[in-house]
Amino acid sequence: MSMTPTNLPIIPRIRKNAILTLLAKGTRVDERSFEDHRAVNAELGIIPNANGSALVRLGHTKILAGVKIELGTPFPDTPEEGNLIVNAEFLPHASPVFEPGPPDERAVELSRIIDRSLRDIRAIDLSKLVIIPGRRVWNVFIDIYVIDYDGNMIDASSIATLLALLNTRVPTVSIDQNTNEINIQKNNYQPLPLTKKVVTATLAKITDENTGSRYYLIDPSLEEEIISDALITIAYSEDGVLTGVQKSGVSSIPREDIPKILEMTKKLAFKYLEKIKEISSVSYSG
Amino acid sequence: MKVRHREIVAPGDIIAEGEFKKKSYPNMILYKNKLLSTILGVVEIKSEEELKISPLEGSYIPQEGDLVIGIVEEINPTYVYLDIKAPYKGVLQASEILGRPMNPLRDVLSDYVSIGDVFLARVERFDLLRDPLLTIRKEKGLGKITEGVLIEVNPTRIPRIIGRKSSMLETLTTETGCDIVVCTNGRILIRRCPTPDHEEILIKAIRIIESQPYIRGLTDKIKEYIAIEKVKRGLIIGSS
Amino acid sequence: MGVHKQIIRLITEDGVRIDGRKPDQLRPIRMEVGLLKNADGSAYVEYGNTKILAAVYGPRDLGTKHILLPNRAVLRCRYHMAPFSTHERKSPAPSRREIELSKVIREALEPAILVENFPRTVIDIFVEVLNADGGTRTAGVTAASLALADAGIPLRDLVAGVAVGKVQGILVLDENEKEDMYGEADMPVAMMPSYREITLLQLNGVLTEEEFNKALEMAIEGIMKIYGMQKEALKKKYVEYEEVL
């Protein structure tokens, strides 16, 4: 059962008003412009036991994405495809309001947003992950760990996921002709068949009840997210098509704001993709 | 005005457009230059300015001064909680029950009240920040109910059961001879009916009002109904 | 989603869909309000073979005070599919999809409810899918909205929803399950029509920006029709009366 959140961190009215005053003047609390996302830093391949991994910092939000490739069986209706499974966890370390226990609905939502963004555009070519058609395939497990929550977990997770996938190596297998036994060759890897780069771009909608003004902020910080009344996330592939949309939060989005939202998210997504390209090329140089 | 008197409206329906004097109207929202209904209800247009929507559904929300019937649900050391058919529980303090300040060393509330006891009370104070405070001492007739039949009706029908200037309630009382206490929270206490038949007719009449609250001339129709029923049961002689 | 072997011809060149509908045509819709005795509000809605039963309890207090909010009502919303509602029996335990949709539906209704009128209370909304044939969450929002109005809970507006799909390149309104499963995109939308405010918006699949905009317009047209039906369904109980006397 989903419930209106009752344990969110509280922002005192004075602080909220200060933030709104700044917004009215066209600036954000951390002195960013309305066009800037926070600094993105990443470390790739830091988990030796994972097939691919990335630790991403977006401002103070820290996400660790780990990819494990394991032998599996295909689903009955997709016998010639590997499987993609995306999971997300909010570690209790990440925020005073995250409690240990079964996944929070937001973690479930997050994992499904990331999953859909990749799956429907076939960003990972699952047909290239078949070992024995109908019998043995590779399962790609993406586990997203939120380890520090300072706003915009969705985009940070999406960036971490993409970097981890770019960093992922799939073992090579050989099949014994006689016994049909699968031998996983040590130290012989190929990159994951990633056909398209996809990333999410999230805006927070903040309403000033006194003036009625609405602001859409890209890459919201924690404070901005807490005082926002809705989030809108749009996933874009590098060729500019939409591969996912999710409105979340307790407020509504005026229909007339949609064109502006499309414009802002697309710009942001491409900024992220640029940054990801930069980061991943640095790692692979040489 | 976009609607007629006595029209049924739903949330989001436009009631009127234009300039409005007041900033807020109960059960309506002002959006741009339109008044929209927020509930399923009946529009009552008394004049250009006097516009009202009577809810057809909804729970009882206590207001100070309301006469209510509450049922004891929980007994705490210094007060009891009453179910008053509202999203908030009514609070009846020990001093109200005992009629004197409570002595925590000697008085045990459960000696004086039990779960399920019925009380007729007034809402003394309610401000949404705390549970409504009830009183049974400030007027005669309030207190524990020990006789009679209790029926529950949709609280939104209570104004219709009372009627304009109590016309409906008077008709019910006069025609059935029963003692009727109608409470704002959708509970009605019926006592001292001349015969069980009278009681049955009264309850049936109340149910009819409850299901057809907006019919014109309902009061006369109810008077007629009661008369016919009385004849049917041989309570009065008349042409049937 | 994403099964791209198009063995099924979902739509002809003339735009006729497998159930005979045109691309911008809704399925037959049925709505009934106030059918449950105990719930404070209830509604039953059908979009074709998708059948939803919604119930609302509240505002009510809960006894345990610690989950309540001091200045508004808390909403609790459960979207659940009956085990017999799908082709293959679905386990009664909540799936991740049901967890996400419970949140999405709650957030689609919250903007419409005047929650500040009932501090320290809970409003419970239960959406049960009795038969699933595509569009369950939007039919669910539509039904829940009727149940809320039936419970007498004040609303800024009713919320009406419908999904738009893309099937073999063509945008279609109110897709059924086959169209959803074998199509290229599924976009559920819900709105408060009197304010033109969108309360539910998701995209599952791939659309260009142009397709997205067209699909949104198509959804809004469908929503306006469904909104009209909701109003009728609510008023029906009172407008058609029989003389009992």
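To keep things simple, chains are lettered A, B and C as they appear, and every chain counts its residues starting from 1.
Assume a residue touches a chain if its C-beta (ideal position, glycine included) is under 8 Å from a C-beta of that chain, and two chains touch if they have at least 3 such contacts.
Please read all numbers here as calculations on a predicted model, not as lab measurements.
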With centres defined as the mean of Cα atoms, the chain at greatest distance from chain C is chain B
Which chain is the middle one, judged by CA centres?
C
Inter-centroid spacing, chain C versus chain B (mean Cα positions, whole Å):
34
Rounded Å distance, chain A centre to chain C centre (Cα mean)
27
How many Å are there between the centre of chain A and the centre of chain B, using C-alpha atoms for each centre?
54
Residues of chain C that contact two or more other chains, please.
192, 195
Listed in rising order, the residues of chain C that touch chain A in the complex are 1-3, 67-69, 74-79, 96-97, 99-100, 102-107, 110-111, 115, 184-185, 187, 191-192, 195-209, 212-213, 216, 220
Mind listing the chain A positions that touch chain C in their complex?
1-4, 6, 77-78, 103, 105-106, 108-109, 111-112, 116, 119-122, 232, 234, 237, 240-256, 258-259, 262, 266
What residues of chain B sit close enough to touch chain C in their complex?
8, 10-14, 27, 29, 31, 36, 38-40, 55-59, 61, 87-89, 128-129, 156, 208, 211-212, 214-215, 221, 224-225
Residues of chain C defined as touching chain B within the complex:
40-41, 58-61, 70, 112, 114, 118-121, 149-158, 192-195, 227, 230-231, 234-235, 238-239, 241, 244-245
